[in-house]
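A, B and C label the chains in the order they appear, each numbered from 1.
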Amino acid sequence: MDLKNELQKIVGAGNVLDSPEILEEYSTDNGIYPPGMPTVVVKAGKSEDVAKVINLANKNSTPVIPVSSGVHFQGCTIPYQGGIVLDLSNLNKILEIDPPNRRVRIEPGVTWGQITDELAKENIRVISPLLPHADRSVITDYLEREAPVVPKYEFAEPLMTYEIVWPNGEVFRTGSASVPGYPDSPAKGTNPAGPGLDFYRLPQGAQGTMGVINWANLKLEYLPKINKIFFMPFEDINAAIEPIYKIPRVHIGQEFFLLNHVDLALILAKQWPDDYDRLSDILPSWTLILTISGPPRRPEERIEYEKEALFDLKKQYFQDMPILEALPGVPGGGRELIHMLRKPWPKEEVYWKNRLSGACQSLFFIARPEDAPSFYEKVVDEAPKYGYPLEDLGVYLQPIEQSRVCHLEFNMFYDPDDPIEREKIRIMNRELAQDLLDMGAIFTRPYGDLADMVYEKATSYTTALKRVKKMFDPNNIMNPGRLCF
Amino acid sequence: MTIPQAAYKVLEAIVGPDYISQDPIDCEAHTPGPNGFETDLGVATILKSPGCVIFPSTTEEVQKIVKTCNRYKVPFIPISTQWWSGRGAAKVEDALMIDLKRMDQCDIDDKHMFAVVGSGLIYSQLQEEAMKRGLYTTIPGGGSQVGVVANHILYGSSPLNYRTCIANRRILGVEWVLPDGEILRLGSCALDKDDYLWGEGIGPDLRGMIRGFSPGWMGSMGIVTKMSVKLVPFQPDKPMPVGISPDTAVELPLKRINWYNFILPSKDALVKAMYEIANAEIGAGLTKVPLFWRAIAKANNKEEFWELWDQESEETVAAMNVLRVLLIGFTSEKQLEYEERVLQDIIVKDLGGKQTRTKPTDESWVKNADSASMWMMCGGYTSLEFDFEAISHAVAKGVDCSKLKKGYTPPLMKAYGDQGWFQVGDYGHLALFEFLTYQDPDDEQKHKVDEWSVALSKMNIENRYYTAQLASHKPLFLTGPAYGPDYHKWMIRFKEEFDPDALSNPPGPADTDLFIQEAEWMQKVKDWPAPKIEANKNPKFE
Amino acid sequence: MPEEYVKFDLTDMKNFEYDMKRCVRCKGCKWVDHIYMPGATYSTRCPSEKRYLFDSFSAWGRLRLALSLLNGRIEFNDRFVEAIYKCQLCGACDAGCKRNLDLEIGSALESLRIKCVADGFGPMPEHKAIAEKIEKEHNVFGGPADNRDKWAKGIQTDDKAEFVYFVGCYGSYKMQGIPKATANILKATGQSFKIMGSDEYCCGYPLYSTGQIEKAKKAAQHNIDTIAKSGAKTVITACAECYKTLKVDYPKMFNKSTSDMGYQVIHLVEFVADQMEKGTIKFKNNIDMRVTYHDACNLARMSEPWVYWEGKRKLYGITEPTAPRRKGTHGVYHQPRNILKAIPGIDYVDMIRIRENAWCCGAGGGVAEAFPEFAQWSAEERLEEVDEVGAAALITACPRCKDNFSKAINASGDNIKVMDIAEMINEAIK
């Protein structure tokens, strides 16, 4: 029996798609990388399908490329070696909301758009990365270790436990969800650790190479009702660094991050392109954005002492730094950002990163905040060599875990329909990455072209990783060609 | 009992003659027991004296030692402080004990809040260094004398986990000598061996493979030589030590840090308080301790303890719903005042609790943790059941453990139905549960403690509880099929891939299986299928 | 456990089998009290374990070895004997252990030495040599017994005094500045005293601490008899070793309690602190110096009175009647510090490891005699600590400590000044 037939037996004929148009659709994404054609697309209808598809793929040594989100930017779902695209977007149930234990269990197809509204009804939320695309899968964003926009927690890992189909076809539940009979058990799945080993981080940053998640438990936090937002403008990125270290360290605030004028204008602009043009002109070069919010009990009092502490810090360390409650020249002072930050980017609008030119290549890595200025300098020095206009360079610095490190991101905008420009961006992305890597940038999730250069540098890790991968994926069926596999 | 002499010569050349010995006296002294953590239980019957002891001082030496072990097929076991003494011992004859105490590096990056530590460094050392810099780490219940590296690998549970969660969250860069002697660096040191800033990836993250839940590999997956661990921001006023032994404590800067004790009208109210406090995102520690700890704290010696404890009854124990809350004004003194108000709202106003007096000091948790005093009352102590799961899970399990315990008391110390220790972690997303039991190590019925240990595993499986007591502490082939399922297969596959000759602390992770196989008195409880375990081979599952 | 009858009698190691068996390897005997843990350095308390690393050189390891000896798992050999004697018997382990548990670590170690000698494997040759000197001339140096009170020439003593000043070998023969200063201080306060002259025998510390209990008992009996004959009720000493031997070890050797001895032992610092309270001593001299104080083990954590006990040990190790436990809480800690702080001009600073957590000078337990290099190593570590706190002078309250530190300083050329507290007080009252 051929592959298609067997797949149809698993998911039903309607869910096995191989028309040229569909295959074409899955052959590419919103990024800089060239297309690659899948053999077939399978839409999983229930989680049991997943293991069956993977077992079949193992039998046939066929690649499987799991896809959860409706939108992709980094090329990691492009099937370069053909095979089965396993589309999980129909696995989109919110399986459990458990407010007392502050957890939600969802399937991989659940998107930010879907979950945010649902949880808001109960005044709870999953803390998101900065303005995610409404169609992005919540699970995959955190599997891919996007940085949460709230750095106040001592550790930034919202993903707790999951059911995974390992590449060898074995179904496994991680952490405390591994108890017999879960979820019909006193164990709720809130402990990621174990069983036996700590499996939970293995599929993270794996770009689908380490298995397919059927569902996951994520942490919930309260959705604050009372909020304040503050803007700290800087002309020089160097001046922003000390506040970046000092403010979250004394437990002030919720959302906290630094944007340059380009990224901030892209986010704040209402009328396109007029607002953007005006805002990118008048906004300060850098703006540090901080929200202070009240928890469910005595919210005003909490806001009050945090605010007071913020101004004490200013008095003590950065007297010259303005702390503004509104951004001058911006309609509404930019205050609506508070509400924007608690939701994905509105579906009806072009995604903020795509507003300027239609597409965006983000180059990001982990770094010490204090090194951000020199990384920035480097990009500023190099970008013009590729003909990239500096006035279009977006920069986003997201402190992680009270600024022990930061996620530093350079956004390079381009026209996706212009193959030459796209190729130029690809080259620039690759070469800049090499420069930054040499300077000490920590690329923990190297996509596309970056994988080779990063793994080459990490030889012992690469060797061990390949040994582990072979154990879990003896036939190398899961998204082959990614990372170092 | 020695290792091959050719191997000894090579090893001696690696570290120098002062740092190695095969003298039977030195080997005997390095053999834990007869008392200690688990060394008074049945599992001790499989423990052996090492054939040689060595003290490396650098990663390079560790690597050479492990490679030598591979060349001459010498089984080895790493130890940090050997506090987990039942496990810090070889289970095969003629093993090399690699004592890592000389590797006591402690380099702190204040700004990025991490410490790069060697295996010989213990918690009180790290805590002091951290607090000098306005940072802190969490002292595990296992005590301040616990090795920081080993504890981050093995467990890492502390009442201060309320905000920081268990230690697996706090591992960053790692330098690890694999069982075959290859060096593997994780996180940012994978890219630059001297940069210990970060722990993730590259790509899939292998940090979980060095540890486990719980207690993980127990030395059977090579040796972690260096690790960077997260520190977290504290408040600016350092708690200062006061008193003379045995009554020493740190004096708390009360405007910034304070313990509060409350008695709640019922257990339900106590549980509700835990949820509410966590939901309000206040606090830095939240714990309900077993009642006998209060008696330990009051007593000057075991005789006094027994005088106090003998006065208790099922009723008095059930009525004592004591909640201890630690508040820290990380932001300012006003934060502490604010949190006090919220605490009063929750406990006193909403739940009818009463505040009782507390000392302005901290004896255990902030800097010190008195785990050794656990042995004070009975001479023997074991913790055969603990986990992290939802608060409600801890509460339910406490009831079941307490019921099950009745059948094993004595030899277990009577606890009048005490339902264990629970403390909240990760801001209420979970709670530690620990059910501590005590016995006289010379009790004639003490084999029943081994049976109790297996009964707990069966109870967990039957009632679908999570547990941190999996391999290598409970039978791998009983718990393995139940959890995951088949987590044991992955452990065995890892062993086969990275340690095919079973040199790293064999027969981990099947130590307990070996003991049960060998112990005649365990046969009546062993009713699950298991392959034959050989002490010097990896277990097989098919 | 089956009920057993036990005694605090050190000549039978079995009396301490419980303590050996119940060690849990928590290493409270190794680390500074965690509450006082000063950080990544100066963090341990046991010189032996730090210097030699092997568990055989730690309290827990020696307990295991002692137990294995009792069980017949091992026998004495050279390595075992070396491990037994490369230990200062400084008591740091005992105090550390008793912070949490009820184990008699110090006594178990002493008992092991006694057994080692009884079985013909100990002590070390150097200890035997000293024993011969003591037997012959009643002092550790082998100097003529008649020279014992040479230092006291011209010093006024009073045969009817209530106080007998027990000078000790080091004061009598080697460091006479200390007894002279002591006598001066007593005189300045108007306290009359007598000395025992050549009837004062070595206190016996070098014998008792090395396990030569029978010889130690002889010396002890002689001194006990002499004190009794003298009619004095109070024995004052300026030597920490003599202090602890007379106060603690004498009753211990004879299965008695300190309170049964018929005399009270005080150290000069206790006397002076008392006089300060009464206002009978005045520090007139300004001494401009940053100084620190070294807690001599025998005056500090090991100096609590000995209480003999015998009784039952029952289930859970419960004792009946309740066994007394000396935890090192009531050592002579505050008096010397208060004295130094009261001297005008002195800038007093504590070291990092103090009181019950102090690091031994290295001389005790027969180490200075048998393993001088180890004794020096230990002293050097302590002197580093003196440097660390920026003190110019190190004050001791024991001639043995002063001697050991002085040797280390001579060898290293360090410029730290070492003084006995008697000398310092004497300077201040001049």
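Quick note on the criterion: a contact is a pair of C-beta atoms (placed from the backbone, for glycine too) under 8 Å apart; a residue touches a chain by one contact, two chains touch by 3 or more.
Given the structure is predicted, the values throughout are model-derived calculations rather than measurements.
Visitor: Tell me the shape of the graph of touching chains, choosing from line, ring, star, complete and other.
Guide: Graph shape here is a line: each chain touches the next, no loop.
Visitor: By C-alpha centroid distance to the whole-protein centroid, which chain wins?
Guide: Chain closest to the assembly's C-alpha mean: B.
Visitor: Between chain B and chain C, tell me the centre distance in angstrom, where each centre is the average of that chain's C-alpha atoms.
Guide: The separation of the two C-alpha centroids amounts to 38 Å.
Visitor: With chain centres taken as the means of their Cα atoms, state the distance from chain A to chain C in Å.
Guide: 66
Visitor: Express in whole angstrom the distance between the two chain centres, defined as the mean CA positions of chain A and chain B.
Guide: 34
Visitor: Counting only residues that touch at least 2 other chains, which ones in chain C make the list?
Guide: Correct list: empty.
Visitor: Name the residues of chain B that each touch 2 or more other chains.
Guide: none
Visitor: Name, in rising order, each residue of chain C that touches chain B in their complex.
Guide: 1-2, 21-28, 31, 33-40, 43, 53-56, 58, 61-62, 64-65, 67-68, 73-74, 77, 79-80, 83, 95-96, 98-102, 315-319, 322, 325, 327-329, 333, 355-357
Visitor: For the complex, which residues does chain B have touching chain C?
Guide: Residues in contact with chain C: 19, 21, 23-26, 28-37, 53, 55, 81-83, 85, 99, 101-102, 104, 106, 121-129, 132, 143-145, 241, 243-250, 301-303, 306, 363, 367-373, 375-379, 413, 440-443.
Visitor: Which residues of chain B touch chain A in the complex?
Guide: These residues of chain B touch chain A: 111-114, 163-166, 168-170, 178, 182-188, 190-192, 195, 197-198, 200-209, 211-214, 216, 230, 232-233, 275, 278-282, 330-332, 334-335, 337-338, 341-342, 345-346, 387-393, 396-397, 426-430, 460-461, 463-466, 468, 470-471, 479-480, 482-491, 493-494, 497-498, 509.
Visitor: Which residues of chain A touch chain B in their complex?
Guide: 100-103, 145, 153-155, 157, 160, 170, 172-176, 178-182, 184-188, 190-207, 209-210, 219, 222, 245, 249-252, 295-298, 301-302, 305-306, 308-309, 312, 366, 368, 370, 401-402, 404-405, 437, 440, 442-446, 451, 454-455, 457-458, 460-465, 467-471, 483-484
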